[in-house]
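The structures considered in this document are given below.
Two complexes come next, and they have one chain in common, chain A, joined by chain B in the first and chain C in the second.
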Partner chain A sequence: MFGLVHLVPGDPVRLALGTRFSQETYDALRERSGLDQPLVEQFFTWFGRALTGDLGVSFRSGETVTSQIAERLPATLTLAFASILVALLIAIPLGTVSALRPRSLVDRVATVISQFGISVPDFWMGIVLILVFAGTLGWLPSGGYVPISEDPGAWLQRLLMPALVTGVVSGSVITRFVRSSMLEALGSDHVRTAQAKGLGTRQVFTWHVLRNALLPLVTVTGVQLAYLLSGVVVVEIVFSWPGLGQLALQAVEARDYPVLQGAILLFAVVFLVINLIVDLLYTAIDPRIRR
Partner chain B sequence: MNQPVLAVEDLRVRLRTPRGPADVVNGLSYTVGAGETVAVVGESGSGKSVSVLALLGLLPARVATVTGTARLQGEDLLAMSPDRLREVRGPGAGMVFQDPMTSLNPVLTIGRQLVEGIRAHGDVSKPAARARAADLLREVGLPDPDRALDRYPHELSGGMRQRVVIAIALSNSPSLLIADEATTALDVTVQAQIIDLVEKLQDEHGTGVIWITHDLGVVAGIADRVLVMYGGRCVEDGTVDDVLERPAHPYTRGLLGSLPDLAAPVGPDGEVPELTAVPGLPPPPTDLPPGCVFWPRCPVRSDPRCEDEQPPLAIVSRAAAGAGATASGTTVSGATPSGAHEGDRAHLPHRAATWCAEGTSGTGSPAVAGTSGTGSPSGGAR
Partner chain C sequence: MRPTRLLSLAAVGALGLTACSGGGESVDTGGGGGGGDDVLVAAVSAQPDQFDPHVTSAYPSFQVLENVYDTLVVPNPDDLTMEPSLATDWEISEDGLTWTFNLREGVTFHDGTEFDAADVVYSFNRIIDEELQNAYRFENVESVEAVDPQTVQITLSQPTPNLPALIGGFKGTAIIPEGAAEEYDLTTEAVGTGPFTLESSDASSTELAAYEDYWGGAPELGGVEFRYITEPAAALTALENGEVQWTDNVPPQQIEALQGNEDVQLESIPSVDYWYMSMNFARPPFDNPLVRQAIATAIDREAVTEAARFGAAQANQTAIPEGNFFASDYAPFEADAEAARQLLEESGVELPIDMGLMVTDEFPETVTAAQVIASQLEPIGIDVDVQTVDFATWLDRQAQGDFDAFMLGWLGNLDPFDYYHSQHITGGVNNYQGYSNPEVDQLLQAASSETDPDTRKDLYDQAIEMIVDDVSYLYLYNPNVVQAWAPGLSGYTIRPDRAINFEDVELP
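Right, the complex of A and B next:
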């Protein structure tokens, strides 16, 4: 990953200095950023510092990378969790309804909706929403981010549309999983045993269908959450959402290696942590995995 | 004792399949008395399982159309409201399924699965239900029942799981126990234990049992009465002795002929006599023959009517005895009315849906035709 970042053509020092600069300033800056060292050495220096929590200093702004990430983190966390909430609110009812009546009209409609959500580009959906709700109707602001601590109302207003867009996309993917895992659970023999015991429909559904369909649901939700936490670049740009995705993109444009590396490192850690949480949840959900 | 636990009359099940409607059960009638074991036998696809699943409304309603009546202690299961049916599942009829590996929920403890069944049918506190669950597990012979309550199905062997499934089925002291191939997936020693267990419980509680199987060895061991199914119809029923010793229907004979006979004489070179198989396959339920369902495979075909007319289910042995038919030596000798169950005999006629009971030309048909009116309702008639 480190190598890949440095493979990107373009010289960060040149970009930082603008068009007019002397060779001395160039060399001095290069030396100060450590870019004159061999790549392997640069890597180990960076890695050693990263282990102690020091991700370096941004070439562009001069702030520490950690402070830049920390600044963006709340916005990304907000959007990711709001989106996953929207996604689950869409996916669980829609997937359940489709599974309960496979090949029915409801199922077909649900399939079309989720197919639509998967295939429609999120930026397009974002732009349409902005045009309708911010433009024509004027109900919602077209973008930006206000911390919840400042103004919860404005926070929610600005969160609504981006969360909907990313939520619909993730939700469409999750719907397909809910449908198939629910169908599988519905068809299993133990559901018949539960019915033969004389349990009510609701109890059978909650404890013998939903409970058993939970495992695949947790997996796919974890994957989606990790994806959302690593920043939904396009949606963040459409809604001027100051999240990590936007930060990473700006870092790429400016060849701001420390920021980019810091962001990528964070995404990797997020993936690992989420996978760990999902694995831990597995053992809580399925006794066959324990031991 | 007078009123049967279950009286099924003209049960028909039609399933919607991608290949068109399938008539899986076609006019099945039988009764199960208290403490009685009725074995339903037949090869795969003969409609055995579907016929009992239909009784408890366990077939998916979207694809299955069930008609007829099935009175469980006088109350028609097929005309019940879903709520009442839910109440009957459990205390009215308990069911044991074929595969113990899949019929328990893998993510819930044994205790939970028992307790929820008990609590679904009465205001029982959790500790009380748990104590009852432990008692049930003890009753079905599970070692260390108190600890077993907190175990998950995957921690138990197949035989132990099937005991748990039986415990669940018995948890509300049902008047009818339906065992759908309950021992098929188990090895022979475990199978024998399970059968003993069910017999013991049946003696203690007077439960009526429907035992679905394709294992005729099991039938001989446990059943009071046998019902042979083929193509969704009952082709022969009667006491175990009648059906297994003096089978009348060509299909039953074929079925019995496919059992290895260890007593059969060994050939001069020590070779074992070959098994006789029933050639061919059962007809697909989407395309049943117009006449006798067994006609396409029948080795006898002694009566020309069989091809396009379904022979009614008619009394065989008493008919033969009463009519004094000449060519019915074997049948008559066994049908002496003075038996251990002489009272039951009247309720347990030996019936078969065939015109060629004797397997020789058409002599059987006049005898049957002459007495079919006296017998019980001929469910197989069209």
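Right, the complex of A and C next:
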């Protein structure tokens, strides 16, 4: 990962200095930022510090990488969990209804909606929402982020649109998983047996269909959450949402290696943790896995 | 900029939701909690990278720093001639080598300390000794000395008529208190003498407060909040519904639509920037002057300008915009494909010529301009491959000379030295195209130390004619500065150098 970040063409020193500078200035900054050292040495310095939780200092801002990430973490967490909530509120009812009545009108409408959510570019959806709700109607602010501790009302107002956009996109993906796993469960032998035993529809659905369909749902929700936690660049930019996606993008553009490495490290940890949680949930849902 | 169509079903659902929770309240414009009375909210397109004026080169940082720091001298907002700021006046010795600046009295820094000559010496020496971003501006400076607390003397190695522009053109040469770099973390804190103090900055906005003891009189505003809104549609919506009162995030294609909008006051004035194309003198066939002239003849600058800037620019065959004292009216090329074809024939170069034209999506207008140029060169037998790369790659390839041709601009030019010197003198730090003409070298060298303005203009006029004829740069246009603000906002002056100053602004 370290090598990959450094292999990307582009010189952070030149980017930091812009177009007007002297060679002496270039050399001095290169030395100050440690980029004149051999790559291997840079790696061990970084790795040694990273082990102690010190991710270095941003070339661009001169601030520590940990403080830059910490500053943006609340906004990213807020948006990610709000989006997942929106996504599940869309996906579970929509997926279930269409699975219960496959090829019906309801199913077709649900398919069109989820197809729409997947294929419509998120920046477009975002701008349309801004123009309508912030522009024409004037109900919501056009973007930005306010911490919940500061003003819960303003927090919610600014969260609605970005959460809706990312929620619709994620929800559309999840809807299809819910539908197909429900359909599979509905068609399975044990459901037929349960129905043959004379169990009520509700009981069959809750205990035999839903529970089996939950496994894939948990998996795909975990994947979506991990994706959202690593920052949704486009939506963050459209709604001026100060999340990790924007930080990572700025770091790539400025070839700000310390920040980029810190962000990638964090994303890797997020994936690991979410995978662990998903696995633990599996055992809770499906007793067979516990053995 | 982007189309509007139907809403998704889910969006309609949210409509109901907000209608309940919103309950008819109006949107609060204060935003991040800091916005109280009399705070101007300005929508800027990017977050400042840091606040050390001597270290950063980022425009978003200088948008803020312009209001926080001062320089010895400062460009006048209208014609950009240098006028007093922290220095009240200055004298130049007979030989042009010693400049004596008399400093303003009664100026205090934001930490309460008194401003004097030691601060100037400290600030300039910090830039010079640590080889910081703007060290090149002090190339001719031998020493900076405090004669007494109110007098600073700068000694030069050669006459430097543009010294005021070098040390006061923008806030990159700001005066900080003696010892500030050791005492404060200047990347996040600011200790200036300007009209506003830096209060806080995070990933959403930067907040300034009025400095009551400002030497020019306390500003009318209570403070300024710079809010980062990257998406132009969002910035304009925020301006229209009153969340922000000022923005420079106005794409040129929006100008026409905004001119009739009652919620927005829009201004578009010529800037001191220029955009150009340059060819690699080390790579045949672009080493052939006839080939370069053929290309300069084939390109229709008006069409390029219209496509790239939607009319918010002036086509120009030299760098300095019309109206400037140093502007030249030299314009030898007339868009003519037939004449261009003849020049190519004369050159004896085999056709078709393949030309890679390197542009960067960091400046989208170069991509548009390059496409137009490609279509104009195709009929004369030049196949242009428009290579769009990110800015980091672009800068690398420029520095390595790995290009047939490229496009970019020079921004914030004040003196003809900024416009022409390092770009065209043999071996100049910005002469990436590898141009070398001994006569031009002589003229540029003489002009750089000529103290009589008329003689100086004459020298630059001669140099630019050769630069244009040799097509060292193929000049395209001077873009406009485009900004918009709330109707009724007063005291704001839109400036050709893009400096953003809110000192005298009053809210509607």
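Here, the second predicted complex is superposed on the first by the 278 of 291 C-alpha atoms of A that agree within 3 Å, B and C clash if a C-alpha of one lies under 4 Å from a C-alpha of the other, contacts with A are read in each partner's own complex, and residues count from 1 in each chain.
Operating definition for what follows: a residue touches a chain if its C-beta (ideal position, glycine included) is under 8 Å from a C-beta of that chain, and two chains touch if they have at least 3 such contacts.
All figures in this text were calculated on a predicted structure; none of them were measured in a lab.
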Partners on chain A (chain B, chain C) - clash or fit: fit
Dominant contact partner of chain A by residue count, chain C or chain B: C
Touched partner set for A:His208, first chain B, second chain C, both or neither: first
Chain B versus chain C as contact partner of A:Asp151, first or second or both or neither: second
Which of chain B and chain C A:Ser240 touches, first, second, both or neither: second
Contacts of A:Leu229 with chain B and chain C, given as first, second, both or neither: neither
Which superposed partner A:Val128 touches (first chain B, second chain C, both, neither): second
Touching partner for A:Ile69 - first (chain B), second (chain C), both, neither: neither
Partner chain(s) touched by A:Ala99 [first = chain B, second = chain C, both, neither]: neither
Chain B versus chain C as contact partner of A:Val178, first or second or both or neither: neither
After fitting on chain A: smallest Cα gap, chain B-chain C, Å: 28
Intersection of the chain A residues that touch chain B with those that touch chain C: none
Of all residues in chain C, those that touch chain A in their complex: 2-5, 7-11, 14-15, 17-19, 21-22, 26-28, 31-33, 47, 49-50, 52, 55, 57-58, 130-133, 135-136, 139, 185, 187-188, 202-205, 227-231, 233-235, 237-238, 240-241, 243, 362, 390-393, 395-396, 399, 408, 410, 422, 429-430
Parts of chain B lying in touch with chain A, wherever the complex brings them together: 53, 56, 58, 62, 86-91, 94-95, 97, 99, 102-109, 113, 116-117, 120-121, 152, 154, 165, 168-169, 171-172
List of chain A residues in touch with chain C within their complex: 8-12, 14-25, 27-29, 60-63, 71-72, 75, 86, 90, 113, 116-117, 120, 123-135, 138-146, 150-151, 154, 156-157, 160-161, 164, 167-168, 171, 237-240, 242, 246-247, 250, 253-255
Complex contacts: residues of chain A adjacent to chain B: 101, 188-190, 192-200, 203, 207-208, 211-212, 285-288
